[in-house]
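Each in structure tokens, the structures are laid out below.
Two complexes come next, and they have one chain in common, chain A, joined by chain B in the first and chain C in the second.
What follows is the complex of A and B.
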């Protein structure tokens, strides 16, 4: 089973909106995709599973894939998690 | 009736009849057994999920039309829950194998899924739970066969509610909402952001509003000052109408002030500068007529990339900022993370009380490599134009001494390596904690300037978390304890011949700005949008009078007294151009 690590690029962490984008992308692949973080594992096609990981900015997620399009899924998801999520910076809230 | 005081979430004023949206949450006994067969109950579940999906899909479409894709995507997470096979498998198993009702099984599976979020102790994640709850309520209503409770407004109303979720706001016909009055929610809630983008006045933090204001009562909403007048007198109504006319006139006048200095009629010059988060805001800041950047937050440069930016990368970024400021001074604040500002896992440990945890200068000193890299980059950038360095959240003299040692060593290294930099570059600190106020005389002896961060200072002096809706109304920067802390800080600075600025939200309020000038503040750093109005008050009230205001305010004992006093004074002197009663 191919695996790879991706660090959460979104400054706000793996919050709902970021998780939604991951689920939407994961669903486009036929293979099974699981994400491991701090000993917990979630199905990347399950929004509640991903949200329950409560992973923060820059923390490492372990992606584990199995199925026909596993390599393509890995590439696309790592890119989204590390770069895509970071590309729409949520401004840190609060002044000084 | 007494006016209601809340928190301003969107500027502007509106008058109209109240519509009170009282929402009742459906509660479910998680052990409730199904009455019919598993097959019937499962069919009901599927049909409820389908109808909820259709409902949300239509709301998403409306949000897309009204506010664009960004806001519409907020509902994506809810729609994805309805398609979450892992979750639905759990729900179905509860019905099939355990004999639960569809509602009970759904509620239980949802509660179980939310446990990790609950345990995370992270406000940002917990905030999102309201999205889950909102969806749960929709599905439970569909199972009970109840219609969508979103009120249909046939005429324009002032909408009063405890709070509004994104899907609830999406379902409203906003063209019929004159203003929002909400019991809960902060100024960064979805509805507040939406109200601002649509230019609808909104006041949040109005405790008891849904209980005490009857539907149909006339309401005058003052989104600018965060006040709601219920059943306003004829006089209040006339005042509101006059304000609408005045607002238009003043906007024109303020535009003409751009090239005049921020100087009181009796000659005290104030440095009026701007707080900046993102580099492009520098252009806005300079266009507003400000002199320089009083607070440039460097967090952006760190959050923008997935890796911590290297020294050369930082030099390039800071140099671009300095060039963009076209000769005006830029105060760079060293990386300020922890607390409400998020950071990567550099620490790893989850803090249960992040505001009292590893943040500000504590964080920098515990990550010396990161601090040294940033200091080197900042010093190296100083040859590009005028700039200063400022350190966040100091709590003691030992921290400042440690920072100064790093600074000296960095300068020695750079000299040895042949880099050019501004050797006279001013280094200052933020005064944000009660301990820094108490030690201000000692701190002033060891740095070149102070900048008072009133947001955190208010929070720490009053022991109030401004993000907690239960106590947010107690968060008031005009509290006498905060004013006295500012007074003591200014005195310590001036006794030691250093200047003192202020970069909290307080400085963006024109009435408070007069008070702050009177307290002896030398530099005010505000939002770009506030610059014209702040300049106007500085140019209107002589320093002598501002000092008299400050003396009087310092002698009062409660926030309400300070408020009443300032409003009375402002009413006499500033009402011609301030949007106020």
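What follows is the complex of A and C.
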């Protein structure tokens, strides 16, 4: 099971919109994706799960993936969490 | 703007609310009423006709009739002609006032229909304005289904066959009330209120595939129906689209515009086995909560952000707290 660490780029932390963007991206991959923080593990495809981590800015998230496209998922998610969330912290999600 | 509202269109609903007596014989079709406003012709009768709103319905109260009575017949006829000559679409007389000699002859000569009611002038004014407001209100007919769910008017939209009628049936069975299925007439009232009603002859009939036409009233009773309802939320039923991202956190509210009034819209994807009825009940309850200032997504997010800020301080404090 490949793993990698990503630091929360969003200056506020992992709030609802940030969590929603992670879910939106994670759902595009077939592999199982979990995010671990301070001993709690959340499914990256669940908004409330991610929000319940209450992860602050720059805190390390451990990404654990398993499945066919796991490496691609890691690359994309780390990029979103560290760079994407930092550059556009309040980008609306959901309705396109 | 030319309208097709005529004197008769106002008299008819007025009869339902009060006594109305038509004083002029039926003759050529009167002129159209140009606007939802009414006019008191007092100044015009006295000779000042600048800004006289001749294309509105005129209301004669005690002062107008009193003034006319005070004149000799020739002066009176001149005063009446002065305003009727401006192409008046119709006149109402309040308080059951007796008309002075010559009034009706002039009205007939100028093709101005006259009706009288026993109502006080201000009340007659109010009723006529109310009827005109309804006649002049912007309206539209939508292919949709309107149900009162816990007092919230949910307008179901979506393609034919997606299950609007079936959802309505399910909601009625759970104690909610059908306003109209398939065709909803929407009228805009007081600028930002949308009121929906059914087609007169289609009232409360549902077309259910596999059953046929179902009449809600005899099957479910009078508690299952409602004649009209304010439209508060559009519930858009859609086929499930795997590539579309549906609103999951509810922080961003989708809106729709009907007759230029913005109302919230909830898009609900449909797939087999999903209980749409319960979801729409929650949409209605959530709308009520938001009306009362409780926005769950916003409040939760706020709390989350506050917790993250606070836990930063706590963590820093605890790190150096060696007790």
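FYI, the second predicted complex is superposed on the first by the 88 of 96 C-alpha atoms of A that agree within 3 Å, B and C clash if a C-alpha of one lies under 4 Å from a C-alpha of the other, contacts with A are read in each partner's own complex, and residues count from 1 in each chain.
The definition used in the following text is that contacts are C-beta pairs under 8 Å (C-beta built on N, C-alpha and C of every residue); 3 or more make two chains touch, one makes a residue touch a chain.
These numbers were taken from a predicted model, which means no experiment stands behind them.
Chain A is touched at more residues by one of its partners, and among chain B and chain C that partner is B. In the superposition on chain A, A:23 contacts both chain B and chain C.
In the superposition on chain A, A:7 makes contact with chain B only, while chain C stays out of contact range. Using the contact criterion defined above for the overlaid structures, shared-chain residue A:82 touches chain B, although it does not reach chain C. In the superposition on chain A, A:49 makes contact with chain B only, not with chain C. With both structures placed on the common chain, the touch criterion links A:15 to chain B and to chain C. Chain A residues 12-13, 15-17, 19-20, 23-24, 47, 51, 54, 56-57, 92-96 lie at the interface with chain B in one structure and with chain C in the other. Remark: chain C residues 244-249, 251-252, 254, 267, 297, 300-301, 304-305, 307-309, 311-312 touch chain A in the complex. In the complex of the two chains, the chain A residues touching chain B come out as 7, 9, 11-13, 15-17, 19-20, 23-24, 40, 43, 45-49, 51-54, 56-60, 82-83, 86, 89, 91-96. Looking at the complex, you find that chain A touches chain C at residues 12-17, 19-20, 23-24, 47, 51, 54-57, 92-96.
Chain B meets chain A in the complex at residues 73-74, 76-77, 80-81, 84-87, 113-117, 120, 122, 124-125, 128, 131-132, 188, 275, 277-278, 295, 297, 299-300, 303-306, 333, 339-346, 430, 432, 453-456, 503-505.
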